[in-house]
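Please read through the structure below; I'll follow up with questions.
A, B, C and D are the chain letters, set down in written order, and residue numbers restart from 1 in every chain.
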Amino acid sequence: MANLVEAYAKTRRFSEYLCETLQVEDYVVQPMPDASPTRWHLAHTTWFFETFVLAPSQSGYRPVDSAYQVLFNSYYNSVGEQFPRSRRGVLTRPSVAEVFAYRRAVDERMARLLREVDGDAAEEIGRVVELGLQHEQQHQELMLTDLKYLFSCNPLWPTYRPSEDDAPAATTDDSGWSTHGGGIVKVGHDGGTFAFDNERPRHDALIGAFELQDRLTTVGEFLQFVEDGGYRRPDLWLSLGWATRKEQGWTAPLYWVEREGAWSQFTLGGLKPLRLDEPVCHISFFEADAFARWMGSRLPTEAEWEHAAAGVIPGGRSGMPGRFHPIPASPVRGASRIRQLYGEVWQWTASPYTPYPGYRAPSGALGEYNGKFMCNQYVLRGSSCATPAGHSRSTYRNFFPPDARWQFSGMRLARDAQG
Amino acid sequence: MANLVEAYAKTRRFSEYLCETLQVEDYVVQPMPDASPTRWHLAHTTWFFETFVLAPSQSGYRPVDSAYQVLFNSYYNSVGEQFPRSRRGVLTRPSVAEVFAYRRAVDERMARLLREVDGDAAEEIGRVVELGLQHEQQHQELMLTDLKYLFSCNPLWPTYRPSEDDAPAATTDDSGWSTHGGGIVKVGHDGGTFAFDNERPRHDALIGAFELQDRLTTVGEFLQFVEDGGYRRPDLWLSLGWATRKEQGWTAPLYWVEREGAWSQFTLGGLKPLRLDEPVCHISFFEADAFARWMGSRLPTEAEWEHAAAGVIPGGRSGMPGRFHPIPASPVRGASRIRQLYGEVWQWTASPYTPYPGYRAPSGALGEYNGKFMCNQYVLRGSSCATPAGHSRSTYRNFFPPDARWQFSGMRLARDAQG
Amino acid sequence: MANLVEAYAKTRRFSEYLCETLQVEDYVVQPMPDASPTRWHLAHTTWFFETFVLAPSQSGYRPVDSAYQVLFNSYYNSVGEQFPRSRRGVLTRPSVAEVFAYRRAVDERMARLLREVDGDAAEEIGRVVELGLQHEQQHQELMLTDLKYLFSCNPLWPTYRPSEDDAPAATTDDSGWSTHGGGIVKVGHDGGTFAFDNERPRHDALIGAFELQDRLTTVGEFLQFVEDGGYRRPDLWLSLGWATRKEQGWTAPLYWVEREGAWSQFTLGGLKPLRLDEPVCHISFFEADAFARWMGSRLPTEAEWEHAAAGVIPGGRSGMPGRFHPIPASPVRGASRIRQLYGEVWQWTASPYTPYPGYRAPSGALGEYNGKFMCNQYVLRGSSCATPAGHSRSTYRNFFPPDARWQFSGMRLARDAQG
Amino acid sequence: MANLVEAYAKTRRFSEYLCETLQVEDYVVQPMPDASPTRWHLAHTTWFFETFVLAPSQSGYRPVDSAYQVLFNSYYNSVGEQFPRSRRGVLTRPSVAEVFAYRRAVDERMARLLREVDGDAAEEIGRVVELGLQHEQQHQELMLTDLKYLFSCNPLWPTYRPSEDDAPAATTDDSGWSTHGGGIVKVGHDGGTFAFDNERPRHDALIGAFELQDRLTTVGEFLQFVEDGGYRRPDLWLSLGWATRKEQGWTAPLYWVEREGAWSQFTLGGLKPLRLDEPVCHISFFEADAFARWMGSRLPTEAEWEHAAAGVIPGGRSGMPGRFHPIPASPVRGASRIRQLYGEVWQWTASPYTPYPGYRAPSGALGEYNGKFMCNQYVLRGSSCATPAGHSRSTYRNFFPPDARWQFSGMRLARDAQG
């Protein structure tokens, strides 16, 4: 289990690394029901290991603190009662220090367990630990998006982490389309390495020939949509999207700020002038869909996206780790035109989040991980600048409701093959 | 255009036939935002012909009443302002008599136009008139579902139309599964006759081998789910469904009433004892999905449903017209086991309502008919006891949000092919 | 009981007179929770006689229709269940014709009872019948205000009753102040004739010397407030009033309509140009209070109003019955300067609606008439153009929440005695 | 100004004393719109001195931080924009340490100003400083009530401050009535010492002879009301109170907890068994009013309360400072029977909060302190265990809406003089 021990330590450490620039106050607040306090993320990910690894591994297991069983259960009905999600921000105790102590206590127990366990139990435990680590990585991204939302509510525009040097300007825009034939293709994860249940079973899907924009949609392109009155034309929007736009008063992507005719955007590095060559970010499915319609184009299906990404190895950005903000596309190099699949912004697809043919949720509490959310959400593919390293793959299915904007969500266009 | 003239007259008459048992008061009220007043349905379907047929056919067209342009526009942004949907029930004028006068005025103008038009114009007009008639048929079904909801709010349980003799009891339940091979199948309408834009383009779809319940799910089956605590077990429900169930206090299908241990249901013929052999009705997608999970089964996709129904001619029920309540399945006869595809209850599928590959909404106002609603809704297939004759076909895509219950919506189960 | 029999007949007839211009549709709709359908008013006032007079007068009384006991109970918890107030508009049955039949049935039973009863029972019944008639008169005014609100929601601006000739223009405005000394004054009804429980007991109150505007505040005065930015200056408003103004988007009194720079107002006679010499009407307490502050003045207390009105006999307007719209003040004539105390608009006072010293609600269901509403409401004094003849007196306490605007509510100013 | 300098230092210190047991997390959260975070109270009271004392005293005054002008303005429209009240809990910056630094910076500037100022300016500044200190004392009480509410939302029941020894049990209950003659009495503050504008002008009021309970209503008495079904009997409640009770699900005072048949209450010292001899606390006006009705009694008016309290010097409790929980009445000693007027719980009166005759709000921003809240609130008299020393007087008018329960609010009964 040596690899696992190391992976465990590394992932757990990274959660705490993300907190290094925070003040105690920043851990506590829930600025909207969807954006949980950092202290809750830190505790909930720990609760996951305690509940699904430690407790089952030992009869008569005594929890670190029995109250935490309820407080830090997110939504697992099978595990018991949950503290209401929208009220996570009214809890000031256990304190941040106590939450860190909880993490240490569980980490020690985990270390002992992983050292001692062997045989069949080791395999089973290994599987759940791996799930727990992937789970914690998901929450690492949420910690960043939730903090960004929190700080954006403050007129002082607090800076989460000063940004390093700016990305170099994209020189010329060599954007084009990546062409793909149709037919029966394989979709879903083929096993061997870790994948969530919702990526399986691998199955055949039928797609037509199509083209995919070979970089992400940019701020500059989206700004033209804004300036062309895109937010004032109901014909461009889904009916539900138009109603949401009106009710929420959307006139531009989330975090865009117009002052005296100049556009800025709020980032984790503070308020910055809008850069036209960057990928557009913090748009809802509704905005992505309306923009695509305005372009006379459409969003890709998730099968198309996965098929186009099938051969590409998810590499990180060269340099600029910890920038937590998307950067412009590099020039096309080599055989594959397609760029920015991973590590910049999640890409909305046209696909509602549904079970794959033959999908069955696992039995028991862990079966509540994915399946029960397969309703009124859309799939996003790729990964973002806030996604931890090693958490990207072509079969990954992220999902959010069509009005969600606080994730690092952007888009790339697709269209049916021309001629 | 003789056929069209006749079809026009017949369809328009049928809307008024449905009103014969109403009192003036019944035409006016909107018991919830989704259930429009009958007088609005009568006027809106008339507005459709005036706006999309009469007005474009004559330059300088003078409307019957210019105020009606706003009052009876449902949601066509391109046509102009709309009176708010949720406020349709505050209008007491134009009166019911004036609405009927509006119908007659438009019918006369339509009759004159259809008599006089010819050539290319006739063809174009014919297409829109046909759309208008299909549109009116859709509203005929809504008139019934909206009146049923309205009357159900009244503790006096008013009777819309006394039911004729009860359906004979289903003798023995010879229910089974209809088996279908997988592969690439054709989905969508192939032209030739009328279809909505959302049924096109006809395209290839890939499905696996599957089995379909050869009759509808019955009240008796669903009652077992109720009595087994199906409404108290979160593990059976989608997360959003469970939240809805709690918030709305659902403990059984809509219109089921339990009093002193005995179950009744409210029907358009009044309050009746629950009949176990009837198809279950007035369930949401959430309930259909939870029931299927409880059965260890699933809902069919719309492609599966359409494939299974491909060879079956939508026949009406033999006898019992105007009963407006589903009846038990007849015994299996002949080669095809599959029964009750049409004319009893709409059947929820597992398919979110999305555009078919290559779909484009028509340009202009009529493009607002279907496409913009393709979000957060599910497809229902078949037709119901409230669907007008001639309005059923295997490619028909009905759609409602997953929490809708006031339609005649039921279900049949599906499962992957066994062994 | 002959007088009572006649009074009964006359009052009951007047309710039906008010309905003569209605279409069936107009009886049914509830445009907001506070504005009940006309059919409900007609039935509820009848229910009152059946419940509080007929039923107790005869053991084993059989109600005209037992379902009506619940349907037409407004808020009498002691009498039993009530159909929810905000849902009165979803009932289309009993029909309007059936409600009129209910009225006739109860009227016949009442006629028989009043003919036959004598002795002590007659006295007790006489008291309750008188209360029932006063109650019906209150609902006659509500029928008018609720219909006005209903019609105002319709962009067709339906006319309830064409207005007769316009009132003559007020020639010169001879407005001034009526002066009153302070000291201990009598407040409340002294018995002898009918009064509601909330007008009693008559008691001493201490007031300072004060002056009262000798006519009502006019449209012209209020328009100056509007044009001076009165609806944009928070310093003029109570905190709760300002919050309400913002939330409701108030920019002028209810029913005022500005189109291309010209002001109109919606009346029961249709849309009319604003007349500057008329009393301002359909303002909330918040607006009255803000206007008074803008004038450097204040609203009178109810004790001040009653004291000033003590000697004035509530006369009706000369002529113009059934106009249902306030008219300008006549010139001062004779000794008393004070005009328009009655018959134009109810006048907001500065007094929260509280029990008089020593007040006790009657026991039993009729004790729910007034006392339990003594919270978060303000007293209005006088009477309005919609108040039935004979329903005005100086001790009368009308009351509404401070944000209510759909009543015929206006104001007159007061100030402490000068020098 | 030496006294003022000392008073300033002492009051400012006490705010910080109240924070000594807090963790940083506890300062930040706003558990409901009415309960502000502690850090906001600390900053807002400081903002008050900066805005109303420092800034006007020096032309070209440079604020400690200009952003704080908006962030910590509570509701003074005249001073400019305000950060929305209900969003105070989304701010994590300025941090708690920065807020304390803000306090120190303002305290230093204030110290310098108070040292240097003299003449007329000194007098004017002295008046505003005194107001600022009274204002800070009000917020000291709110800090306690808001923290109590915050901690009560946490299932861990955090302890604000361990309670010292319990109060001794009340031996025998020698409760009775204090009798008072009626007539014209003086109400309001007569100047000389500090009072808020709403306590003035002193004026004559007319009251009848009355009796006042000579101690506070106890937990034991209120428990009988609970057990007698007081929360299930609409006849005991105001209509608005009953609606609130149902909507909020009240079944006992706030913070009472029933578990397995035993009652506890949450206190600032943690969860404690209910003590029958303590004053009942954390009840709304609606509950106080219903309880009084159940007792066949009533609440006192504020004039009655003030008259009865006129001769009593507001003494603190002997001993038990910082207990922040009300204690039982001591036995009657000496001439005056009346006990517990101050320092235990605020006492709801029957009086809506209205301006005294002749009241005028001060001009300028400080005029927004009291007057604009005189609507839909009720007056409470006395003071509570959370009121700072020196902040009690017989003319003090506290006020809250009738549904407020999170203050230390209780009651004592009154009745008209017997015989």
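Here are some notes:
In this text, a residue touches a chain if its C-beta (ideal position, glycine included) is under 8 Å from a C-beta of that chain, and two chains touch if they have at least 3 such contacts.
Since the structure is predicted, the reported quantities are computational estimates derived from the model, not experimental observations.
Considering every other chain in turn, none proves to be in contact with both subunit A and subunit D. Taking the mean of the C-alpha atoms as each chain's centre, subunit C and subunit D sit 38 Å apart.
Between subunit B and subunit D, the centres computed from C-alpha atoms are 60 Å apart.
Between subunit B and subunit C, the centres computed from C-alpha atoms are 47 Å apart. For subunit A, the set of residues touching two or more other chains is empty.
Chain contacts here close into one cycle, and each chain has exactly two touching partners. Listed by chain label, the pairs that touch are A-B, A-D, B-C, C-D. Against subunit C, in their complex, subunit B makes its touches with residues 23-29, 31, 39, 67, 70-71, 83, 87, 89-96, 150-151, 153-156, 158. For subunit C in complex with subunit D, the touching residues are 75, 77-78, 184, 204-206, 208, 234-235, 237-242, 350-352, 354-355, 357-358, 367-368, 372-376, 402, 416.
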